[in-house]
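Next come two complexes, and both contain chain A; in the first it sits with chain B, in the second with chain C.
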Partner chain A sequence: MSMKNNNQKLILGIYDDPDKVLAATRNVRKAGFDIKDVYTPFPIHGIDKAMGIQRSRLGISAFLFAMTGLLTAVVMMVYMSWGDDWEINIGGKPNLHIPTYIPVTFELSILFTAFGMVATFFIVSKMAHGKNPTLMDIRQTDDRIVIAVNLHNTGDSDAINKIFQSNGALEVKERDLSI
Partner chain B sequence: MAHGHEHEVVIKDEKFVMTAKDKRVSMILMGGGLLLALIGILTNHSEHEMLMKRIWANLLADGYFFFIISICATAFIAIKAIANAGWHTSIKRIPEAMGTFLPFAAAVLIIVLIGGGSEVYHWMHHGITDPTSPNYDKVIAGKSWYLNQGFFWGRLIVFFAVWIFITRKFRKWSLQEDIEGGLSFFDKTYKTAAFFTFFFAFTFSMFSWDIMMSIDTHWFSTIFSIYNFATGWVSAITIMALTAIQLKKRGYLSIVNEDVIHDLGKMMFAFSIFWTYMWVAQMLLIWYANLPEEVTYYLDRTKNGWGFHFYLNLALNFIIPFFGLMTRTGKRNTWWLSFVGCILLFGHWNDVYLMTFAGAMKDHHGISHAPGWGLMEFGFLAMFVGGFIYVLLTSLSKANLYPTKHPYIMESALHDVGV
Partner chain C sequence: MYESPIREVLVEGGKTYTDVSNDICRPLENKATKGWWIGFIVSALVLALWIGATTYTLMTGIGTWGLNKTVGWAFDITNFVFWVGIGHAGKLISAILLLFRQKWRMSINRSAEAMTIFAVICAASFIVSHMGRPWVAYWPIPLPNAFGSLWVNFNSPLVWDVFAISTYFSVSLVFWYLGLIPDIATIRDRATTRMRKFMYNFFAMGWDGSARTWNRYELVSLILAGISTPLVLSVHSIVSMDFATSVIPGWHTTIFPPYFVAGAIFSGFGMVLTLLVIGRVVLKQEEYITMGHLDAMCKVVMLTGSMVGLAYITEFFIAAYSGVEYEQYAFINRATGPYAWAYWIMMSCNLIAPQVFWTKWARSTPWFIFVLSIIVNIGMWFERFVIIVTSLHRDYITSSWAMYTPTWVEFSILIGSFGLFFTLYFLFVRYLPTINMSEIKAILPKKQTQH
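Our next item is the complex of A and B:
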């Protein structure tokens, strides 16, 4: 993401049909333009492939969070039951014994994964309470789908406009986004 | 949606042809299996009663394993129908064909119950509920309101009849839809599936108590039926994935894209964890509570040579699928998915083997010693595998390989799980 410019020039294509959006997105990408994002009020199947989005690494973070939870649980339980300074006899079970460890390890792994993934998702998506999201077009929250393309050269505007129009855009407009 | 895709989807009739090699392989499995089993029986030197118990236990374990796989294939169709799911439509003929094995597995179970019931099932022993008999068992006599021959056979016949009837209906409607089209078969399946799911939830529980849990008649577990369901369900899904992969490899089912296979892999992964959850939950509570009437079940299954099968369960049914199918690559590589799938099927057979044999092979002292896997076990298993493959492929060859006029066939063909 370029933070040097205070202004980001965008060209927006506004649609009302997910099939048209898929076709337009593919064609814009095929023509070599830089798609910023596609904003949609509902999920569109296949849009990630059409945009050429890289695979999410959320799964890897989930695994790492799970391992953190697992390790935390095991370290905590071993520490608590090590030696005889805090030995509690429950049902005559041995103090350090694998079956007793299963539920706590399982629960903490899941707890860490769930919380960790939610936190990661919020950070990656830059979502926070009180933060006003930048909307491309207010109608993207209702019944319109917006394709936003970064306009690096003003000369590209006509070509992109043509692709948008030929794929059934309701409206095409340019916008300066101040960051 | 279709235009712009890399390959165009064409819905057309597609017939599977069972080759001579398919027939030969399944015949060799059946015949060779029977031969191995006979050699195993003839070369067995244990006393007659234990040998008979082992033969019946073999038939029971294999019959039960393939029965729950077949009925879970029908449950798969029913659950997908009431959930209004569409992604699986292109592989729907595979569970439909698996269901056609149901009558054969039911016949095996009935033969075992009639022929070997009194040897395998503690509650079927002679005079067990008769206070004057030396065999009298007070605990089992107290359970005789449920476990008596009349009620047992009555409910079993009702379960078998309803399950086989609905399984056949599902398949019949699906095949008829290929010819006539329209929504009426879809609607009928939907309504019947709602009833079946409800009926199945109760009756499968009782079925698992009757056929499996009542071997150890003194013992009981309230989580047992869902644990058995998990065994059948994950095995059924694995067989669907393996069959779909094999058919694709032969050039059939081009309509099934890799995302559908990926989703089957996800289900194999998820339900392996589900199975482990149930398996551990049952064991853990019994271990905690340490009640004599409950722990005997696990003592029977971890001591006297059974421990190997007990820990093998954990390795084959949890550790290997958990790490093997965790990654996206693991689920999308069909060779690897088939490899893990075969391990998984063998692992669940081992689970059913342990459930059955440790209870059924008890001697006069009430102790069972692991006989180990011999020619008999592998022979009977090969026989059932051969029979199952033969019935599955025959049923597949009798109809289109996918329902061409199902309303969700296009959704399934274009199924997409994202990047």
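Our next item is the complex of A and C:
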């Protein structure tokens, strides 16, 4: 695999039209080449299917974080109102009265979900403050879309180039990526 | 894509992707204009007034205010509810309109969310200064303490409010920052100076626009929007429960949560209009924030204004229907008592004035929209003043009836809070893109992007 040597050879197709990118990505994948990634300044509808990306499981993590928040809130409130030393009596009002416990439970569930999920997103996407990105093209965050294909076999270069060109690439270039 | 022969385009002027980046980055890449400096300095001076008046209050105590034994909540809580209400439009635009697939939100959600955050900062400052002893402001937070395991009262709406507002603020901040990351990366890759490169590189978190990251990013945004929608509704509902769970005539009503939420959307959109009618001209963004956008926002203002108007009338009816004389008196006193002037300002600004938006002319005349948005802001401030002060000043025991007159300190804090808000807003306009570039690029009509 390409991971063994320190150099990763890539072939890049540079585009300015999301529709052409979708077609090119489908064709590259159909021809059996290994797409590293597609870099784009804005989300392209349907690119995940064209690349064969699985649906993210972040939704499951959101649910788990929500449950954590809910449990934290309930345990905290029960402990503080009842469990700790004595039952708190405020104006003789009923303690552990479920409706009045709903707001805090709800807010903490939301808080845990939001922070938990965003943190998970940063970890899974390997994002961190101050990290220097490896850009394929300086304009990939502006107005260019780059399809990066792993070049395991130098002989494949022509075939990929052909697919890129026939789908309207502005430019095709090869690049060595040192890991 | 959002193309249809009968729909007006969301972005005018045949923009390409490059044009979008250039137009939206211009205000933060060029030298600050004279207009920006004037606006910033004026805001900073008003902020100084806020700092002065707040410091005076904190050093001396809330005896500097016009409160008395009967009217224990007045200007301060009015200002708090006013600012929290304004802080609702941002989330509404970015979350609820996202779920409803209203694509026109895309060019206004960034500045509306910024407005949310700054407005909640203003609101929080009022809670802290209202406490009288702000150095113990952490007491509503359930922390282990030295008072013999004395915990907070989870039956109290004031404690719910602490949880609701802090959750709302932090979730809004995270949602806003997440939305900014792709745009910060765009600015990073356009940066020419070392300082600029370093700062934007730091906050871009290594964003490279990978389709795999976008895939996760869109899911995270969708879920955040999904949970933010009930959040935004819960926050102002809980603020309204600060009043509704009490036994004060005029406050003890079940209509409060939906009525406060509608009012919050109303005042929030009023403030968004105030900022954007000016901002789109000054920042030369008329092609992104089009007349179509203003038109849509005016319709929201008209709808929510009518909703709060309906709530005002319903309150009156329910008071009459309840047969409770204290409740009935509270409302008669609002409309005809010593604070009737405030009540009629509220009625005319919130219920009557927005009805002009039934006409196409009113919705398509920017200077008129601006004037009306100011009227909405005034009306919504008075709504809270009416609810709080007129309900308190005459309740059950006639011997404790009193009048309330604000002092110069309270006026200074109110005016000063606008300085705090606008100083933050001017800094935002200078250092961050006010329109979400990546979302706008995704909705450009296809034929436009080709040269």
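Everything that follows uses one rule, which is that the second predicted complex is superposed on the first by the 165 of 179 C-alpha atoms of A that agree within 3 Å, B and C clash if a C-alpha of one lies under 4 Å from a C-alpha of the other, contacts with A are read in each partner's own complex, and residues count from 1 in each chain.
What we mean here is this: a contact is a pair of C-beta atoms (placed from the backbone, for glycine too) under 8 Å apart; a residue touches a chain by one contact, two chains touch by 3 or more.
Source: prediction; values computed, not measured.
**Q** For the overlay on chain A, clash or fit between chain B and chain C?
**A** Taken together on chain A, chain C would clash with chain B, as the superposition shows.
**Q** Is it chain B or chain C that touches the larger share of residues in chain A?
**A** Partner with more touched residues of chain A: C.
**Q** What is the contact status of A:I88 with respect to chain B (first) and chain C (second): first, second, both, or neither?
**A** A:I88 sits against chain C, while chain B stays out of touch.
**Q** Classify the contacts of A:G46 with the two partner chains as first (chain B alone), second (chain C alone), both, or neither.
**A** First partner only, chain B.
**Q** Just chain B (first), just chain C (second), both, or neither: which does A:D158 touch?
**A** Touch partners of A:D158: none, neither chain B nor chain C.
**Q** Once chain A of both complexes is superposed, is A:S56 in touch with chain B (first), chain C (second), both, or neither?
**A** Touch status of A:S56: both partners.
**Q** Scan A:L22 for contacts with chain B and chain C and give back first, second, both or neither.
**A** first
**Q** With both structures aligned on chain A, tell me which stretch of chain C collides with chain B: 56-64, 110-118, 164-172 or 254-262.
**A** Stretch clashing with the third chain: 254-262.
**Q** Residue overlap on chain A between the chain B contact set and the chain C contact set?
**A** 19, 45, 48, 53, 56, 59, 93, 103
**Q** Chain A touches which residues of chain B in the complex?
**A** Touch list, chain B to chain A: 1, 3-4, 280, 283-284, 287-290, 326, 328, 414, 416, 418-419.
**Q** Within their complex, state which residues of chain C touch chain A.
**A** Interface residues on the chain C side: 1, 16-18, 21, 142, 148-157, 159-160, 163-164, 167, 170-171, 174-175, 178, 181-182, 185-186, 188-190, 201-220, 223-224, 227-228, 230-231, 234, 238, 241, 437-439, 441-442, 446, 449-450.
**Q** Please name which positions on chain A make contact with chain C in the complex.
**A** Spelled out, the residues of chain A in touch with chain C are 16-17, 19, 37-45, 47-48, 51, 53, 56, 58-59, 62, 66, 76-77, 80-81, 84-86, 88, 90, 93, 97, 100-101, 103-104, 106-108, 110-111, 113-115, 117-118, 121-122, 124-135, 138-143.
**Q** So in the complex, which bits of chain A are touching chain B?
**A** 19, 22-23, 26, 45-46, 48-49, 53-56, 59, 63, 91-93, 99, 102-103
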